[in-house]
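Here it is, the structure, as C-alpha cells.
Each chain carries a letter (A, B, C and D) given by its place in the written order, and its residues are counted from 1.
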Amino acid sequence: MDITLETIISGKKLSNPLMNASGILGDAPDAIRLLNSMGFGCIVTKTLTLRPREGYRPPIIVPLDYGLINAVGLANPGIRIGAELVFAARNNGIPIALSIGGKTSKEFIELATIAMEYDPDFIELNLSCPHTPGYGIDAAKTVKAIKDIVCSVASIASIPIWAKLSFSRNLVSEAEAALSCGASTIVLINTIPAMVIDPYIKTPILSHGWGGLSGPAIHPIAVYSVYRVYEELNAEIIGVGGAETWRDVIEFILAGASAVQIGTGLIRKGHNIVREIIHGIKSYMREIGAKSIHELIGIAHKK
Amino acid sequence: MSIAYRYSKPSYFTGKIYNINRLSRTLYEIDINIIQDKLISLPPQFVLVCVPGYEAVPMSIAVQEENGGVIKLIVKPVGETTNKLVTLNNEYIGIIGPLGKPLLPSGDKILLLAGGSGVAPMLRFAQYYASLKKDITFVFGAWESDEIGDVPGIIRRYASEVITTCTNGCDIRGTVVDVLKYGYVREDEYDYVFVAGPEIMIRNIANYVKNQYKTIVIMERLVRCGLGLCGSCIISGTNKLLCYDGPGFVLSDIVEVLRQ
Amino acid sequence: MDITLETIISGKKLSNPLMNASGILGDAPDAIRLLNSMGFGCIVTKTLTLRPREGYRPPIIVPLDYGLINAVGLANPGIRIGAELVFAARNNGIPIALSIGGKTSKEFIELATIAMEYDPDFIELNLSCPHTPGYGIDAAKTVKAIKDIVCSVASIASIPIWAKLSFSRNLVSEAEAALSCGASTIVLINTIPAMVIDPYIKTPILSHGWGGLSGPAIHPIAVYSVYRVYEELNAEIIGVGGAETWRDVIEFILAGASAVQIGTGLIRKGHNIVREIIHGIKSYMREIGAKSIHELIGIAHKK
Amino acid sequence: MSIAYRYSKPSYFTGKIYNINRLSRTLYEIDINIIQDKLISLPPQFVLVCVPGYEAVPMSIAVQEENGGVIKLIVKPVGETTNKLVTLNNEYIGIIGPLGKPLLPSGDKILLLAGGSGVAPMLRFAQYYASLKKDITFVFGAWESDEIGDVPGIIRRYASEVITTCTNGCDIRGTVVDVLKYGYVREDEYDYVFVAGPEIMIRNIANYVKNQYKTIVIMERLVRCGLGLCGSCIISGTNKLLCYDGPGFVLSDIVEVLRQ
C-alpha cells in the first residue's frame, strides 16, 4: 500500500492535514482561489463578524526574526461575504471552514445561523483573538463564557463546530468545556499578546500598541498545548502556531493533532510551503515506515 | 557583476531622516539613515514607512546607498501621512521592509517610463542597471513643468539619456505615452520597458506597447500588512498579491486587469 | 553632568539596571563570584527550596534557534546555602536577591524566615516556575493563592519582597494582588510552558516532557506584560525575558521596568553580554540626549 | 588552510547510529549520521547524547566527517546510560551540541596523551592537526592490553607516531606519565601537549610537565545542562564552567585545582 496523507476531521476526510490559519488571506473569493492553488487540504476563512470591520490603521504587523506580531483588529468584510467564500471553495472542490467571531453568545448564534445558510463544511469559533476589544479572549475570558458560547452555537448547529482557543493556564478546562458542549474539534493555539517598542521613537510600533505573536516563537508553546489537551482529554485537535517545516507539522501530529494550520509560515517560507511540507512528510513517513497520518496521531504520549 | 542578487528579509528598522529637499512643486526627496543596520533591497521593492502618530504608508525605495545603510525616497504628499512625512527632517521614523519581490530581467538597453511619483521605483531601476553599465533612457513626465523641477538632476546620475514631458516647457510637449506614440523613442530598440505612474498612464501604455512580455509595470494598491497576509492588496481578477508577487509585474500577466 | 546608569529598586540604589535571572548560575559561592565578575548591578540566586532538590534527569535543556526550553526541575542545594551566597555577594560588594520557592504559604513563610537571617537585600518569590509540580504556578495558580503567599511573607518580612509572575490572562489582577499585600516590586516574566518532540524518536526531548520557554521568543510577550502592568498599576517592575541586546533592555525600560534581568542571553551572547549591553545603552542615551535611566522608565506610555 | 575555524551554535539534532564496533574490552566506536543536518564542531567540543528512556550523557566528538554530517564517538560503558548506548545500532538518538569552546593553539609538533576514554577528544585533536599536516605523536594508555585492542588502528589514520602503554603487552610497560618520565618522548620537543583521561592521570601529568602554558588538559565534571546555565559543572575553586569555558583548559589556568 502506498503512503496516504489523508486525515479525518469531524468525520470528514481531508486529502491532506494542512489548512491555512484563519486570518491569512481568507476574506475574498480571489484569496480563496489563491489559497486553493497552494495545495491545502482545507481552507479556513478570515474570522467574519456581523458587520464589516475596518480594523486598525497600519502598521498592523511587525516582522521579527522568529515570527511576527499582528494587530489587524479583525478587519473583515462581514459575515455576508461567507456566501461567496463558500461558493469559491465549492467551485474548487475544497472543504472550507467558516470562522466567526462575536462579542456575545447571542452574536455567535446569529453568526452561526447565517453561516449555516451558506453550508460550509465546518464552523470555527474564534474564542481567542487577543487584540480586539470585545472579541476573542475578551468574549471568552472564562470557562463559563466559553461554555455559554459553544453550548449556544452547538444547540443550533447542524454542522461540526471547532473551538479555537489560545494558550492559557486553564487551557485544559477551557477545552473540556468546549467539548462538553458539543464542539467536535479544538483548534490550538491563537496568537499570544506581545509588543515591540521602538527605542528611538519611544512608542510601541503597532498602531494598536500590542498585538498577537505568531510564528516559530510560539511553536513550542502550541505543541505543549496540543500535547496537554490530547493527554488529558483525548480530543480531536487541529494544531496551529509556527508550523513552517514538515518537522513542525509532524511534532503537532505526534503530540495529538489530526490536522495542522499554517499562517505565518506562508510568509516566511512563501506560497510553496504546502507542497514542500507535503513532500517532507512523505519522505519522513517512508523513512520511518509509516503508511498513514492516522497511525502517527498522538503517539508521542507514553503508552 | 558588481551587485549581488541579494536582499534582506522583511524586518523593522528605525530610520533617521537627515535630509528633506523639495525637488519640485509636488515631489520631495527624503534621505534616511537606517540606524545601526542595513536594509538591503532590489528594485522594485518597497517599504512601509511608519510615521509616528500617523499611518504606515508604502513607499518605493528610490535609491539605495552604503549597501543599504542609507535609502532615498521620492515622496509626493497627497494626504495626512505623506504631508506629515515631508516635514520630519531630523526625526526618527519606522521602516518595515524590504517588501515585494525583485524583478530584474537582463538586458543591455533599458527604457524607463515614469509619471509623477512613479519616478521613485524607476530611479531605483536606473541605479541598478547603471551599476551594471547598461544603457538607460529615462522618460519622466508630469502635467506642469513645475512638477518636473530638479528631478532630472537626480535621474542624470544614472541614466545616459533623460527626456521630460509635460504640457509646456519640457523636452517634449505631451504625455509619457506620446513619447512612444510619436516615435521620440522606439520601444523595439529596447530590451525591456519599465513603467510606473498613475494607473491611467499605465493603462494607456499597456494599450499601446507591442511586446507585453518585455514590459514591466509597477502597480499600486491599498497596502495594509505589506506581507501577503491580509489580502488588502490583491489584484482583483487575479490571484496575485501586490505586496507578495509585485509590485512589479510582467505586463502579459496582468494585462487583462488593466484592460477592464 | 555625565550619563549615569544607576537605578533604584525597592528604594535601594543599584549601579546599573542589569541583574541575572534567577536559575542562571546562582546556587554556589563560586557561581556568585562568576556572576559578579560579569558586571551586573545586582545578583539573584537560584530559587531555593526548603530541602535540596535533585531536579530532573538530563536532558534538562533544549536549545532552539530563538531561545531555549528548560525543565531543570528546581534543582538546588536548599535554602541553607543562602548564607554562603549572601556572604559571597557581600564580599564582592554587590546587592543580592534571594529567590525562594515553596509549595504552600506556610513553606514560603518558613523560607522567608530563614532567608532573612542571612540578610539579603531583597527576597524574590518564585510564583511562576511552570514545570515543577507543586511549585511556582502550581502553588500560585489563582489570584487568591498569590495573595495568600505574598501577604503571609510580607507580614513577617523586614526587607523588600519581589513577586515574580509569569505571563497569564489575569496578569494585571495577579500583580495587583501581590502589590496590595505589600510586594515592593513585580518581576515579569518567567518562562512559558513549551515542548519539543523528536520526530524520529517520537517522544518529547526533555526528560520531563515539557519545560519553560525563554529567550528572544518570549521577549515581546514579556515587554507586553511589563507594559500592561505598568499602564494599569504604575508598579515598580523588573523586566525579564529574552533580553540580549541594549535594544531589548531599553524596550523593557520604556515599557515601565526599573531594572532588567538576563538569563538565556548569557548563553546566547556569552559572558561579556553585560558589558556589551551597558556600552550600548550608554551610546543610545548619548544619541537621544538622556542623562539617567530614571528619565526613560515608562515613557512609551501615552502621556 | 583546509579547515575553517567555524562551528555550529548549540542545537538539538537527531542522530541515527549506523555502526557500533567494539574496539577493545572497554571501548566502543559509535558512528552516527546527523539526520538532514550538520553538526560542525572543533576540538575539544563535546555533545550531550540523549539516550531515549535513559539520560543525556556528555561525550566528546572523537571524529567529525562529511563536514559534520557524520560523527564518531568512542564510548566506555560505565553505567546505565552508556551501557544502553552501545547496544543501539540502527536506532535514533538525540544529540545536543556542539558544547564547550574550541581550544586550538597553533604548533607544528603536537603531543597527545590519552588514557582510557580520553582517547576520544585526543583523536579529534589528531584529526584536526593532521588536516593541517602537523606532526603528531599520540600516546594511548590503559591498565591491561585488552583495553587497547583495535584503538591504535583508528589513531594511525591521523598520527604519524603511535605509542601504547599498559602493564603488559604494549609498546611501553607502564603508564602514560611514564612515557614522559622515562624519556620515551620529550615534552620540550613539542609545541603543545594535550592530555585527556582519568583525573588521576591528569593530576600526575600536571605535576610532572614543565611548561604549564603549553599543556592543555581536558577535564570532566558532572554536566547537566551543558550550556553554562545550571552551574553543575563549575570547576570549584575557580569561576570557570567546564561546559562553557572548557572542557579544554590551559594547564596554568587550573593547575591549582589539580593540585588540591
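Note that a contact is a pair of C-beta atoms (placed from the backbone, for glycine too) under 8 Å apart; a residue touches a chain by one contact, two chains touch by 3 or more.
Since we're looking at a predicted model, the values are computed, not measured.
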{"item": "Taking each chain's C-alpha mean as its centre, the one farthest from chain D", "value": "B"}
{"item": "Gap in Å, rounded to a whole number, between the CA centres of chain D and chain C", "value": "37"}
{"item": "Euclidean distance of C-alpha centroids - chain B vs chain C, Å", "value": "49"}
{"item": "Chain A and chain C, separation of their C-alpha mean positions in angstrom", "value": "33"}
{"item": "Sequence positions of chain C contacting 2 or more other chains", "value": "64-65, 196, 199-200, 203"}
{"item": "Chain contact topology (line, ring, star, complete or other)", "value": "line"}
{"item": "Touching chain combinations (by label order)", "value": "A-B, A-C, C-D"}
{"item": "List of chain D residues in touch with chain C within their complex", "value": "9-12, 14, 16, 35, 48, 50, 52, 55-57, 92-94, 96, 223-232, 234, 236-241, 244"}
{"item": "Residue numbers on chain A that touch chain C, as the complex places them", "value": "64-67, 69, 137, 141, 167-169, 192-197, 199-200, 202-204, 209-210, 213, 216-218, 220-221, 223-224, 227-228, 247, 250-251, 254-255, 284, 287-288, 299-300, 302"}
{"item": "Of chain A, residues touching chain B in the complex", "value": "23-28, 30-31, 33-34, 37, 46, 55, 57-65, 68, 70, 72, 75, 196, 198-201, 203, 205, 207, 263, 266-267, 271"}
